[in-house]
Structure formats: C-alpha cells, structure tokens
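Labels run A, B, C and D following the written order; every chain starts at residue 1.
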Amino acid sequence: MSEELTKQWRADFPLFTAQPDLVYMDQGATGQYPQPVIDAMMNFATTGNAPVHRGLYRLAYDATSAFEGVRQQVADFIGARTANEIVFTSGTTAAINLVAQSFGRLFVDQGSEVLVSVAEHHSNFLPWQRLCEQTGAKLVVAPITADGAIDEQWVLAHINVHTRIVALAQETNVSGARLQDARAIADRVHANGGYLLLDGAQGLAHQAVDVQALGCDFYAFSGHKIYGPSGIGCLYGRQELLTEMPPVTLGGGMIEEVSIRGASWLPAPERFEAGSQNVLGVIGLGAAIDYLQPRRAAITSYCSTLTRQLRQQLAAIPDVQLYSSQAACATLSFNLDGVHAHDLATFLDEQNIAVRAGHHCAQPLMHALAVPAVVRATLGAYTSVRDGQRLVAAVQQAREFFGGESHGA
Amino acid sequence: MALNRLQQLYRSVIVEAAAKPATWGDVSGAVPVHAVNPSCGDKLELALRLDETGRISGLAVPTTGCTISQASASLLVGVVAGKTRAEALTLTDEFIAMIREGTPAPAALGDAAALASVHEFPARVKCALLAWTALRQALGAKGAA
Amino acid sequence: MSEELTKQWRADFPLFTAQPDLVYMDQGATGQYPQPVIDAMMNFATTGNAPVHRGLYRLAYDATSAFEGVRQQVADFIGARTANEIVFTSGTTAAINLVAQSFGRLFVDQGSEVLVSVAEHHSNFLPWQRLCEQTGAKLVVAPITADGAIDEQWVLAHINVHTRIVALAQETNVSGARLQDARAIADRVHANGGYLLLDGAQGLAHQAVDVQALGCDFYAFSGHKIYGPSGIGCLYGRQELLTEMPPVTLGGGMIEEVSIRGASWLPAPERFEAGSQNVLGVIGLGAAIDYLQPRRAAITSYCSTLTRQLRQQLAAIPDVQLYSSQAACATLSFNLDGVHAHDLATFLDEQNIAVRAGHHCAQPLMHALAVPAVVRATLGAYTSVRDGQRLVAAVQQAREFFGGESHGA
Amino acid sequence: MALNRLQQLYRSVIVEAAAKPATWGDVSGAVPVHAVNPSCGDKLELALRLDETGRISGLAVPTTGCTISQASASLLVGVVAGKTRAEALTLTDEFIAMIREGTPAPAALGDAAALASVHEFPARVKCALLAWTALRQALGAKGAA
C-alpha cells in the first residue's frame, strides 16, 4: 500500500490542512473538495461568469462553450454516444425522478412490473413506489445475498414480459456491494421489452463506467460523490428514449416556441433543462472529472486494500457486526452489539472521527436486516492508513467504554 | 481526553434509565402519538391518559433508538407521572430549555437533569427531545416545541 | 449620483479586475459574483463541507446549522413568518414548477381560471399553461399598459370566484416595470378564494420585499439574480399551504418512514427537498443576502437615476424604439429601426459591451409587442457612469454603421 | 478598431442579400421545414421542390431574423438553385465547414463565401447555419449537421 500516494492525494484536499486531526469517513454521503475543483469554480466566478445558451456576446459564448464542454466530458467519461445523451440535473435524486415521472409515465401502466432491490437508496426506491401507486403497476423488490449484494440471480429470474423498468444501484450505499453483471440484466430486460436504469451515485467514484458496455438505458449520478460540487448531477439516457420523453419542468431555455395557445419543446437534452442552469456546479463537475479520471484506478485499488484490512480488524473485535460486503471497496458498515449506532457515532466523533449513523436513506434494507440503524465509515482518496488505525482503535475503546462499568456518577 | 465529556453524557443514571421500560400507570385506550427522528430513525409511540382531575394517570413511551432517546423517554415518565397537564407542560418547557439553551435544571426535573450535558452535544439534541416534544403534542400544546 | 459609491461597489466584483474594459449589462440574465460570495463558498468548501441533516458528527452538525441559518436569513430577508416557509430549490423556475405541479394539481380543476400576464417569463407562463391543459382550467392572460407594465386594473377586473391562482412577475424582465399594488391584487384574489404567486426573480434585487405586506401566498426567486450563485433559489410558501402540498420529487431526506408498502413524508420544507442539497449554493446565497441587504436601497437609487438618464439619451437617438418602462430601475430594452437586435448586440459586443438580444424567454410578450427580438441592457451595482456613456455612444455609432454606406467590399 | 471586423461581417453583399427575398423557382405544394434558433428567435420555413431528375426546381426560405440569418438564406437559394440533391448536400457541407471550422470556401459557394467571417463571430454561427441545416433536413440527410 503506497503511503506516499495517499499523502499526495491528501494534500490535494484543503479541509485536512484546516483540520489536520479530522478523520473524515463520510465520503459516501458527500465528498470533500480537492483544490483543483475549488480553483476551477473560483476562476470561473471571477473571470468567466455569464449566462449560458442565451447571450450573443463573447463572455456568454465562452461560458456556453465551457458548459457544453463539460457535457461532452461527461459523455466521454461514462461512454455515452453523444453529448446529447447527457442531461444536467441537481443530482442523482432529480435524475431518477425525471425518469420515473417522464419515461415512467409513458412506459409503465397497470399490469407492468417495476423491479428494484431492497437495498436501494430511497432516491431509487420512492420514485418507483409512487409510479406503481399511480399507474397500478407492481413493485417487485429483489432481496440481497448473505454478503449484502443485490441478488442478481433473483433479479434475472424475475424479469419477465411485464417488467418495464429495472432500477438498481450499481453499488449499494450500505453494503458497498457492486453489481457483478449489469450486462446480463440489461440483456434479459431488453429481451423482454423493458429498460434498465442504474443508480451510479456510489459506483461512479470507484469504477470505470461505460454505459454502452453496461447496456443500461439510463444512468444517474451526483457530482458531490465524485469530488465535485453539491447541487449538480447528470442523467444519461439513450438518445432514442430521451427524444420520446416529455419535459417535467417547464420554463426558460427549453422551448422552441411559445404562444398564448401552446408551446413546443427543444430536443433533448435542453428539453429537460428548464431555467437558468447551475453553471458554476457544471464547471466544478468538469474539474472533478479531470481530477478523478486519471487517479480513479489507483484510488480504488488503494482504498480497497485498506477497506479489506480494516474489515478484518473490525471483525476481530468481539461484538462487532458487519453489514458491508467483503468485496466493498470503500465502505465499512457495522454495529457494536448492545450499543446503538448513534451512541457509537458520538463516541467516534469525540475522537474526531466522522462517520455516519442511521438508516442511510435505506429503510427497506434496515427492515430486511432487522436493525434500526448502522454505523457507516466510507473512505476517500484522502483516507490515510493512520485514519484507519484510529477508527479500529476507537471502536475497540467504545466497546470497553459502553461495555464497562467506568461511567461517571 | 474526550472520554470525560462522554462520561458526562453516558452517566450510569442515563445508561440505567435507557435500559428500563418507559411506562407508568394505565394507558389502556389511549391514542398513541407517533414520533420519529427522521435523520437517524429513532422512533416512539407515546400513549397518555389523564384522569378526571386532569392529572396524568398513565404514560407509556416505548422507544426504539439510541441510549439518549431511550433514557430521555424513561426519565420523562418518571418526572411527569401523576402531574397535572399544566405542571407537565412547565416541566417539559424547562427540560427543553435545559437541553437547547443550557439553562440550569430546576429541582423538579429530578433525574432527568442528568441529561443536561446533551446540550454540549448539539448533534444529539433531537434524540433527547423526541419524547418530550411528543408529550407536548399529546397534551395538545400549540406552537413550536 | 455618487461616482464614489459605484467605484467602491465595482471593486467588489473581481470580474472587472480581470476584464477592466468590459461593460457587463446582462445582470438581469445572470449576476456577477462579489468577492464576499466567492469567499464564503470557498471558505465552506475548504473548511466546513459536510452533509446536512444526516450526520451525527460536529462537522456535519455545523454544516447543517450554517445551511439552516441561511434558511432563517432568507425568511428574515423577505419577511416570512418562520424559516419553515422557505423551501430551497434550484431556482425560480423550479420553485414555480413545484407550485404548479403540487399546489396547482390540488387547487385547480375544470372550471378554474389561472391568471397570468402576457409579460411573464416562460418560467411563470409555461407551468400554468400546462396545468390548464392538464386540468381543463382556463388560462387568463392580462395585457400590458402602454408603458410596458402589467395592467393591474385589468387584473383586478378579471379576478372572480373561478380564479384559483394569479401568478405575476413582481418586476417584468423586458420592461422592468414593477407591480404597483400587489396587495390590492392579493386582497381581491383572496376575497375570491384564490391564491397569489409572485415571481420575484427580477424584483428582489431592486426592492425590499415583505411577503406578508405584499400579501402573496407564494414568492419565488433565484440566487444568481441577487449577486449569489447559480443553481440555487427559494420558494416561499405560506405554511398552511406548504403543509397541504404533496411532494413532487421523492428521495433521501424528505421521508419520515419508508417500507416496501408505502412511505410517509416529513413536514415542509424538508418534504420538498429530496436528495442531497446544493449546500455550497445555499452558503453562497447567504453571503449574497449579506452583501445585498445593506446596499440594496443605495444600489437601486443609483441604478434608477442612471437608468432614467440613459433612457432619455437613448430616446434622443433617431430610430431608437424603447420597450422598457419609464419607471424601470435597471432595465433598458430597445431596438434600432431597421437593425435586427442580434446585429445590434454583435455591434455592441465588438465594443466590449455585453447586452442580451432575443426574445428574453418572453415570447408571448414579443408577439404582443409585434417584434421578434429586442436588445436589453440591465444594470448592476458595478455599472459605472462611463459604462452608460459607452452604451449610448455605441448605439449612436451602430445607427451610423448600419444606416450608412460605409460597408467594406 | 473593432469596426474593421464588423465591416467584414456586414459587407455590402451580405446586407444586400439580407434585403432580398430568399426564393427561386416554383415551390407550390412543398411541405415546409420549420427551423428556429431558440436562443434568439430567428425563424424560417424552408420549402423545397425537386424536379423529376432530382434537381432543385424550387426553393423558398422566408426568414425572420437578423441580417446574418436572412443573408444566409438568400445566398443559399442563389447557390443551390438548379443543383442536384448530391451537389446541394456537398455545397451545404462545404458552407458548414467554412462557418464552423474556418476552412476556405470553394469557388462553387459563390457569393455565400462572403459569410466566411462569421467564423470569427462564434456567437453568430447558429444564425449563419440555420437555413443550411434546414436544407440538409429537407434533403433528407441523416446525422448531425
């Protein structure tokens, strides 16, 4: 494990200059900003800010070129055929809702089935649950395996001619398990006349993504989970499908013509981008891709090794229950028997270790695991070996603290 | 070392209260108030009965959640059992002020005063208040807790 | 007119350090960033970034407090009763769509009327047009006066018991005319059982807003038009109304409980804020309010005087047609007879004067004015007297250039 | 002084072309192609007829918009009048390359070559291409223009 490499990455994140003692293990909730992303945003705000798609002057033209340049960059980053397949949204949640509300209302009706897993984040669960309620379709919920992965065999076995949409996390946010063969699922659902959406919120940070090789029809992700800014994300959609979809949000920038009698829409992706866009967020997203792309393989390899080691060390502590997958590359979910996740999180916070505790927006999974809450530590490029050691030591200490008699009067 | 602060937060009286069921008297027939702490999933069902004189004659606050929310529910029951509606509301407001603003606890709060150090842990304030704001609601108090 | 004051404001905007010769007159489309807004965002990204509403550790708690602090700040800024009446959105467009899709579907049906004006921005026109198409309600479109203002007398005369929603721009984006008596409209529509939405995208930058005094039920605005970042805005809604409204976007952070069978929602405003929020944008918005609030009256007074003078000077140029109101405080809309707006904009751009030309997302208004496009120059705190002189001189020159015989071979 | 660049852009041949109606031959019965430049509102209706040999026998491109889009429509008509479908497509591609990439105009583009300097005004490229991409569409060409 190259300690040198981590040191270098860690230096890219100014938060750890400001707070050198902080162990930030919540990258899976929201990522920290590397300096180049901050610089790109500040540079744009101070030298290049202008409206996009609307100005006939040079500053606006250059801003539009930069904005559209990021669209092309995203397309290249995830293997889309053209930049027109990339819609900017405020994040994964907005992207999935757009598909459910626009595509879903076109393609799902009574008698249809929509297949998700019990491990989905609420953002990839609730929009489908509501779509089913609205249309009378059936929500089919795939279980997880003993290792916390979506049961892909079950999924394959339950795709049939009624299955219109399969919506699955490429990597789940509690177990950190990744889909092994999205392509097989894509092929099966396509053979049955349905469509596949992948929720890439967690996955994109850790693996190279080629939407064409994956075979998915839609792919959603958020900037803030790939070292980019909050408030920006993308929906990838196959062009033929985007072309058929009606807009959900209406306003400036997405119309061809408007009169008092009616309106006609621009083609995708503009059709789905009503109103002034999060230009600064898009610029930051471009810089985040520039940062992540050349480093992602090395970061994932480094984090995977560290995660595996820490998992073993946590497992060796009596009373520790693990919920994250053995194959997880950056996620450690666990509880300490007899200690509620919140109490453990507060204990860790007192050691300046920031982890998340709760249901992780995955209540169906919590019900399936029969736990109210779990602690989740997620690693990032900046996580040092020492951070990991501190986590393990603190969990050990917590066990003594909560198990022992040493409380004050 | 930070363990000092933690020892204050998890004093034995709190850990022991968390282990006890939060129930007193008879609550048969009461319509429960449901409360959740959505950011972390703490959950409770508060059932309350007042007798004909307006005194609390039964209170049960079964809670799933962390030590703080469970201890708080059980201490709440101990503090307001047998009190009038008005007394219970005053105690609730005093408890909330102690947690939120750090005001000193009046003697009447009894063991519940042990939760005072939650004020030093702002991220846990919601856990400590869950049962008390549910009681306020069950007592029909208006306005923000 | 205090040239000193402008100099000081201008120095707050780093774009003009980078481009000292630029005359940016497109503040009405998107505003420039003052240094304190950039600093606040950068400071948060480098020292305080964490997920909001989800973390039990101090960094997350502090981020949540900062985030919720801005909600309170917005509530105070526009006179809301409580912070719970403020919903963060990606901008005005998203805010108005939320009202149309959630409130609109509850309160509008066949036989209802929705009243807008012909001067509305597409973002305050299309959502209502579609709502009417979907429900069978009637879209009633108020005309403008000779001075380009929404005809408030006409509006008052056309509110009746069928009027469920009146949606009007507090300040229109082409004429710059402001509503004179929103309160009278509010009272009339309330007396008839309806509700008033004000589109504050342009208005909030120029005037003190007190939603309770205005009497409106909803108020929408965007950060980027009040010297804040792009990608963030707010919906104000009266608490009783927000409480009745179902969410439109579903996902993390807006649920009380989720199971495979169903879900229940949090109260407003969280109910409407599904998914990770634009935290950096919210922080920037707070800084923008801090910047604008103490300066707004002085900026508006300065800009109004300058705008009035420039309007007179432009009117004195033969062939200039003015479309902005005599009372506009920062907007100059005009054309040069015989010269298309795009050609004029290109001419001005060659003199480094950035103006907008086109339909300004107000095609119904363009039809009413019977012009395909107009040029619009909008002023901001940084606009200098010299900027104004350059605009007038360049329009004069353009007239000679396009009118004259002096073209090259 | 910037007027030089502007003088290049608004050469007399362009200003005069913009003033002329963009129409040639007989277009009766043609189904028009509708095109708009949504960011600024330029609009046209292109009507095209091919004769039995596949030559353009009628073309009308009434345009509302700026000098550049109107001149471009009128110059387009002059350049492709009487050409075969294949010839017209080649000319269109050459014109698009001239505007987009700044490649030198072949002689066959005739007066339309006067629009070459639009390449120096990227914000106006869409105006210059509106009529030509509509022609491509009317000729049934596939793919991005």
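The rule we apply is simple: a residue touches a chain if its C-beta (ideal position, glycine included) is under 8 Å from a C-beta of that chain, and two chains touch if they have at least 3 such contacts.
The structure presented is a predicted model; accordingly, all values stated were derived computationally and were not measured.
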Between A-B and A-D, the pair joined by more C-beta contacts: A-B
Whole-Å separation of chain centres (CA-atom averages), subunit A against subunit D: 45
Whole-Å gap separating subunit A and subunit C, where each centre is the average of the chain's CA atoms: 31
Where subunit B and subunit D are represented by their mean Cα positions, the distance between them in whole Å: 76
Centroid distance [mean C-alpha coordinates] between subunit B and subunit A, Å: 37
Shared-contact residues (touching 2 or more other chains) in subunit C: 54-58, 60, 255, 257, 342, 346, 349, 357-358, 363
Residues within subunit D bordering two or more other chains: 39-40, 43, 123-124
Chain pairs in mutual contact under the definition given at the outset: A-B, A-C, A-D, B-C, C-D
Contact set on subunit A toward subunit C in their complex: 14-15, 17-19, 22, 24, 26, 29-30, 32-33, 37-38, 41-42, 45-47, 49-51, 54-60, 90-94, 96-97, 118, 121-123, 125-127, 129-130, 133, 139, 141, 222, 224, 229-232, 248-253, 255, 257-260, 262-263, 274-281, 342, 345-346, 348-349, 353-358, 361, 363-364, 367
Of all residues in subunit C, those that touch subunit B in their complex: 53-58, 60-61, 65, 82, 255-257, 266, 270
Footprint of subunit D on subunit C - complex, ascending: 340-343, 346-347, 349-351, 357-359, 363, 366, 372-373, 401-402, 406-409
Subunit B - residues contacting subunit A, complex: 2-3, 5-12, 15, 39-43, 64-68, 121, 123-124, 127
Touching residues (chain side subunit D, partner subunit A) in the complex: 36, 38-40, 43, 122-124, 144
